[in-house]
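Below: a set of structures, written as structure tokens.
Look at the two complexes coming up: subunit A is in both, with subunit B in one and subunit C in the other.
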Partner chain A sequence: MSISQRQLALLLIAPGLALVAALFLYPLSFSLISAFTGPQGGVSLDAFRKAWELYSRDMLFTVVIVLASCLFTGLAAIIIAGTLTLGENRWIVGTLKALYRWPLFIPFIVAAQCMRTFLAKNGLMNNSFVAMGLMEPLQAVSFLDWRGIVATFVWKQTPFVALLLAGALAALDRATLEAGRNLGASRLRVLVELALPQVMPQLLVALVLSFVTMLSVLSVPMMVAGSQPTMLTVDMAFRINSYGDYATANALGVVTYLLSAGAAIIYLKRGMAKEGAT
Partner chain B sequence: MRAGSQAMSRAGAAIEVRGLHVAYGGTKVLQDVDLDFAPGTFTALLGSSGCGKTTLLRALSGFVPIESGSIAVGGKDVAGLPPEKRGMAMVFQSYALWPHMTVLQNIGYGLKLRGVSKSDIAARVSSLLEMLGLAGYEDRKVTAMSGGQRQRVALGRALAIDPGILLLDEPLSNLDAKIRMTMRHEIRAIQQRLGVTTIHVTHDREEAMTMADRLVIMNAGHIAQIGTPEEVYDRPNSAFVANFMGAENVLPLHVAPGEGSAAITAGEARGVLAGQAGLELPAGEALAYFRDDVASLDAPDAAAGEDLVVPGRIAARSYPGGLYRYRVEAAGRQITVDHATRHEPGAAVGLRIPLSRLHIFPAAQASTPA
Partner chain C sequence: MMRLASSLRTALAAFLLAAFAFVLIGPLANLALWSVAERWYTPYKLPVTYGTRYWEQVFRPTGDAMASLGTSVWIAVLTVVVALALSIPAGYALARLKLPARAFFMVLFLLPQAFPSVAIYINVARVFYQLGINGTVFAVVLVHAAHGLVYSVWIAAAAFSAVDKDLELAARNIGASPLRTFFSVTLPLAAPGIIASGIFVFLESLDEFTGTFFVGVPQVTTLPLLLYNAAMGGNYQVASITALILLVPSVLFMLFIERFLRADVLAKVGA
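Up next, the complex of A and B:
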């Protein structure tokens, strides 16, 4: 019996396909089915109704937190990558280059713990301000709420976005930046008007990937801001750990998935536009 | 390209470079360069790769920091100013157009930076495009244009700000041969019409000769010779310049000065160069440089007259078109000669070289690698 080309091709991709099916498609399908299954079995939207009643505020909170984090991450990454590309002070550029990647190698949970000790009411930041005489001890407030989450996300994700952005900027024809300066543009204008528009696809991709990453982090909202409102990941963990309520947790998972899918669509559209252009 | 658009440039500015030193890390790239550019002139910086010509251009434009020296534009030292404050417009080798902008936005960018109104920018860009033969291309994306068209847009972008100084960094090297020839004439015509002081970096000898009023030949960070194309081509001041300008055949000689003339010996061949030219020759061992088209082939025992007839043997022959190209072994060297008549390889010939066409330098100086 001879194997046709088509069968051979299927055989070749079978191990990879099996892995995707076992580790991704099966749990995803299982969660989806669980989310749409009622207490008595059968298709039902009960879990979604319950998720909405209990956690609609957290849904909005999650979206706002992640979008704000993306915005600040993008700004910080632009400043870092812009300085690395257009900076003229060798000492500053060298120091920045050596330092900015460090948070990439620190897990979210460690970053969250660092932020707890840094942003707490009597944490390192406030203590430093008091020691410097910038404020009175009584004026100290805790930042361990939504601001702490945003700060941790930005701190953790900026190096990743800056790395991709700096790579994209370094790959630009340097002459296109020099041409701007030659015609009279300041370095800031060169960055904003000439360099960034050329690397916008890469920046957008880095931010989309960061959006999805931040959406799925449990440790940061749990450790930095334990109180309500909080992010959907914490709610999911709570439903399972406290109530064994997989259906509601899975419904929240579907909502998170839909949010990610929105970002993924932007990512894929970019990818297709790029392929179409080449 | 049409010539009927409005005159749009102020007179070109003068540049004075004094004692310029530039280094990358510990490597000295330019050493003690003194150079003047008169207003409205077209100067070509010519040299082989790594000679420092592009570094000189980038130092002028402010993209390379200088170690010491001064760069004065119109009497004002600009060496400490950033690129955007020097009033020089540059056309880059890669054109460096902004792919996310249209032709109008690219050319008008410098004007936008200067606060010119949108309608004035549109009018100015339109007149520039007409001059560049690209009328009606305002809304075209630069990525949808050919190499020659992009080159014109890059030139238009530089000219739009009405610069006193135009810097051209090998702008023609990415174009195919035919368009390159056309662009040479077009750039030269525009430069002459606008009167902008232009500095053109190139490694293409013919391009430099046909476009520039004046050539600056550079070698290893120094200026080897400055002069009009005729001066540099016909009267090179060193073996390097002679060799760089195409006199690639080298013949060892012995020069013996006499009464009002010099006796020249090359192996068995002898000749006498009378008059001032003979008196100026260096005495002793020397090397003569000459071009392929200067020498011709004759009988080995032909009368020398005012030439040098060096006996030799044809080692190889090729036919590049129009003339035969021979490689002749003579006086222990391989000499390339173009000649109309066909000879067979191995034949004994006399290599006839007019003495007045030789560029003769002392052997010690000439042995410097070219």
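Up next, the complex of A and C:
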């Protein structure tokens, strides 16, 4: 018996798909069913009501943190990638190029431990400011709250976004940018008005991926900001580990799915509007 | 006047660069300092006494850290084996064979990475608990392999499609069977890309925290979990040394990734 190429292809891909089905699709449907099932069985929104009562503040907190982190990551990445592409001082461009990628593959948990010490009241950051005479020792405050989470996310994600953006900028037609420069536009203006609009899709992809990543990270909010309010990932872990309350945890999980779906839809809508325009 | 303005600009740029370097390296420097600080308390800006006592404690053969390092590496190796065993055939099918709904399958492998994962892992843990495999190395390997599969499948597919088809045809023309052609022409030529994907999966597994946190506890303690426990227990030295151990492979990979992943393979990833 001989099999067709199609059947062979499906046969070869089947084991991988089976793993994805067993460890992603099945638990995903499990979480959806659990979130929409009431205490007595049957479809109900009880879990969402409870999740909203207990954690509405954390939902807002999560959205604000993730949006702020994406905004700052985007800005930092634009500055870095812009300098790498349009910078004229070879020494500065070279140093920046050698530096900015360091956090790229550093695990979030290591970044969290770094920031836990660096941003503490007596961390190296405050100590350096005091030693440089920029600050009195009594003025030192701890940044280990939402600001610490945002700082850690930006520190960790900026190299990734900057790398993609710098790649996209390097692939642009240099002639247009040079023409802008020759007509007397400053480098900032060339970056903002000529270069960035052309690489917006790449920037948005990188930011949407970062958005979903930040919604998935458990270690950073747990280690950098211990107390309330906190992010939904920590609340989910708490509901499970302390109460075994799967319904509420899964309702919170559905909220995180919706948030990341929202980000993906904004991106797709933009892409479609663009395609419609051309 | 022009010269003054230009040197002012250079000075400003140098200042910004120094500030950037401080923000970038400061947290890592703080980590390194904690790893050699035997005593460090307020109001001292730098450690009071330095020493390698905690390094000795961590690297003692019977210490927790060595056991965790062993567990982590063992899990990562098994994860690479599982991921490659699944992704070499899948990548070949995606790159070379007529596969119906190819784009759909590509996206399906991406999905575990495109969803916020905590909500998925708590349900995986629940299913594994019912099966009685929670807290085993096997369970952790499965979770890590599913997580890393998008990289290994996509990179393997890219590596296979970067192989010149004419070489395969030449082998077939001189009488090699399809299987022999695959093992003596296609696979060796795609090997650098596949090795790169294996390294990627190895690192992902080594660094993975969330999945292990839900599926591995309390029996399986990998390095990230040891780091977490030490940090939450207030032992900054052990936490920092563990973090440094995890840093080494990540930074090496960052420095050498371009050698592993050739541009012609990289350009085909996800396509």
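Note that in this section the second predicted complex is superposed on the first by the 247 of 278 C-alpha atoms of A that agree within 3 Å, B and C clash if a C-alpha of one lies under 4 Å from a C-alpha of the other, contacts with A are read in each partner's own complex, and residues count from 1 in each chain.
Everything that follows uses one rule, which is that a residue touches a chain if its C-beta (ideal position, glycine included) is under 8 Å from a C-beta of that chain, and two chains touch if they have at least 3 such contacts.
Just so you know, these numbers come straight off a predicted model, no measurement behind them.
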Clash or fit: subunit B against subunit C, after overlaying the two structures on subunit A? fit
With both structures superposed, pick whichever of subunit B and subunit C touches the larger number of subunit A residues. C
Which of subunit B and subunit C A:G184 touches, first, second, both or neither: first
Have a look at where A:M223 lands relative to subunit B and subunit C in the superposition and call it first, second, both or neither. second
For A:G82, select first, second, both or neither according to whether it touches subunit B, subunit C, the two together, or no partner. neither
Which partner chains sit in contact with A:T176 here, subunit B, subunit C, both or neither? Use first/second/both/neither. first
If you stack the two complexes on chain A, which partner ends up touching A:L23: first (subunit B), second (subunit C), both, or neither? second
Where does A:G74 make contact in the superposed view: on subunit B (first), on subunit C (second), on both, or on neither? neither
Touched partner set for A:F105, first subunit B, second subunit C, both or neither: second
After superposition on A, vertex subunit A (C-alpha centre) with arms to subunit B and subunit C, in degrees to the nearest 10, comes to 90
Can A:L194 be said to touch subunit B (first), subunit C (second), both, or neither? first
Can you report the least C-alpha distance between subunit B and subunit C in the superposed arrangement, rounded to whole Å? 10
So, in the complex, the side of subunit B touching subunit A is made of residues 61-63, 82-85, 88-90, 92-100, 109-110, 113-114, 157-158, 161
Complex contacts: residues of subunit A adjacent to subunit C: 5-6, 8-10, 12-13, 15-17, 19-20, 22-28, 30-31, 34, 89, 92, 95-96, 99-118, 122-125, 127-128, 130-131, 137, 155, 212, 215-219, 222-223, 233, 236-237, 240, 246, 249-250, 252-254, 256-257, 259-260, 264
Subunit B-touching residues of subunit A, taken from the complex the two chains share: 173, 175-176, 178-186, 189, 194, 197-198
Using the touch definition from the top, list the residues of subunit C that touch subunit A in their complex. 10, 13-14, 17, 20-31, 33-34, 42-43, 45-46, 85-87, 89-90, 92-94, 97-100, 105, 108-109, 111-127, 142-143, 145-146, 149, 153, 203, 207, 209-210, 213-214, 224, 227-228, 231-232, 236, 239-240, 243, 246-247, 250-251, 253-254
